[in-house]
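Supplied in structure tokens, the structure appears directly below.
Order of writing sets the labels: A, B, C and D. Residues in every chain begin at 1.
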Amino acid sequence: MPAMTASELEAFLQSHFPEMPEEHDFGFRVEHVEENFVRVRMVHHPRHLRPGGTVSGPALMTLADTAMYLALLAMIGPVAMAVTTSLNINFLRKPAPRDVIAECRLLKLGSRLAVGDVTMFSESENEPVAQATVTYSIPPRNNSAS
Amino acid sequence: MPAMTASELEAFLQSHFPEMPEEHDFGFRVEHVEENFVRVRMVHHPRHLRPGGTVSGPALMTLADTAMYLALLAMIGPVAMAVTTSLNINFLRKPAPRDVIAECRLLKLGSRLAVGDVTMFSESENEPVAQATVTYSIPPRNNSAS
Amino acid sequence: MPAMTASELEAFLQSHFPEMPEEHDFGFRVEHVEENFVRVRMVHHPRHLRPGGTVSGPALMTLADTAMYLALLAMIGPVAMAVTTSLNINFLRKPAPRDVIAECRLLKLGSRLAVGDVTMFSESENEPVAQATVTYSIPPRNNSAS
Amino acid sequence: MPAMTASELEAFLQSHFPEMPEEHDFGFRVEHVEENFVRVRMVHHPRHLRPGGTVSGPALMTLADTAMYLALLAMIGPVAMAVTTSLNINFLRKPAPRDVIAECRLLKLGSRLAVGDVTMFSESENEPVAQATVTYSIPPRNNSAS
């Protein structure tokens, strides 16, 4: 069972990244949370665009990393200080200048490492624009309550 | 022999990404260009920080992607419309809140694909904070001059 | 619509790799083919084992690469000389000493690059033992038959 | 300082993989060991070949994984039960039917994860045939000798 709801995840994201509006206010909306899965929407903003009108690679990488972070927090709760250890992304199609939806599924949730698969779609498209695999390191959790 | 100098690369970057100051004015400085190699500095800015005072993963991924883009343009010139097809990054150490230096070496410069290795260091540190491998697709170049 | 059936794919594999029994007779069985998807079984053999009784990483990497090759051939037919350009794999759980099933889905089938997602399971297990993303380069196809 | 010499590493490899001659007797020779670095030679054998006369992708992936394993053992000694957690490889050029040399440099040797960069060359060539980044998980080491 997830440890956090969609609205708890959004509130966590906003409270922990308040001072970095330019980079982190990507307008992430957590649309759905279930066991080992989240769906996150990156609301379209002109600053995500590259010349030619496509959503930039760095914006998609930020979305992939964030979706995995939220999928992990959804399962283990907001206590752990998890950090990305690796990210592999394939850019598949030019993303239209629209919202991008990321679906992240946890492939593994171990005691030390979590691995997730993130597939990203332009809104209302069926073919993915990018696919990423993201690994997070989970710090040792001690028994003391917090 | 490189086709563009460091200052030509900086000018190209600024002229092609003028409308996206928040995301793209990362203060990239091209410090050195040689055959199949560039060194790029990402000037420190508070918006690159994560809670805890480390440079964020998305900032490092943007640096890796940009360094590879510049290494490629340095060799083939500003004409081609190259796009990232994949990026793999390993985060190795927490980066201090300082400038980050990326060294990108082209491992392959083919007619259709280019692959580069990007190693990133916090300023004045010897141990890398991250390593990335980045692949770009190079569009077909036709024989007609333009 | 796929261009080749499961039995055509198996026959192709055997006819093109006859002289390398040790490495390539992995006992690959093509179990299912559909649009942009194949399921391939690697029949268990003691030479795939590592000390400790788990299926080796190189055996899983060979399976991932082969599954993607077959998924691609299934769609474009046996004519093209496609080659792997990159492979990213995450090892998720220790695989039991049993058959391993790979499911490969094409994420992109372009004119020059194809990208597939390969998820691998120990027979009759639900949790994947490994996940890979594999990219193949497709040589230019000319119109003349040959 | 390395904990094992080149000949100790070769002896370890042979003693731990005796029962798998077809797959593991790749004729690996450890040519050089120093702090955070090994150079390993994969002696040419016809079973490594693909149609067309190039060394196969699976043979190169096995070399990359083994070189990283040896670089890690060289530093921490033969006691730990380290396992590959991820491998990313880019195939850069067709390898000639000759020995392949792998140079593995440890980018990070942490208490839980080690990351290495492996660059592979056909014998007496300067341009790499492939580049890999490999991550190993290092099991917790306890203080009690055993």
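Couple of notes before you dig in:
In this section, a residue touches a chain if its C-beta (ideal position, glycine included) is under 8 Å from a C-beta of that chain, and two chains touch if they have at least 3 such contacts.
Quick caveat: nothing in here was measured; it's all calculated off a predicted structure.
The greatest centre-to-centre distance from chain A, using averaged C-alpha positions, is reached by D. Between C-D and A-D, more C-beta contact pairs join the chains of C-D. Each chain gets a centre from the mean of its Cα atoms; for chain A and chain D, those two points are 34 Å apart. Chain C and chain D, compared by their mean Cα positions, are separated by 23 Å.
Residue positions 85-86, 88, 90, 135 of chain A each touch two or more of the other chains. Those residues of chain B that touch chain C in the shared complex are 85-86, 88, 112-113, 135, 137. Chain C contributes residues 88, 90, 92-93, 107-108, 115, 117, 127-128, 131, 133, 135 to its touches with chain A in the complex.
Only residues 16-17, 19-20, 22-23, 46-49, 51-52, 56-59, 61-62, 65, 81, 83-91, 94 of chain C touch chain D when the two sit together in their complex.
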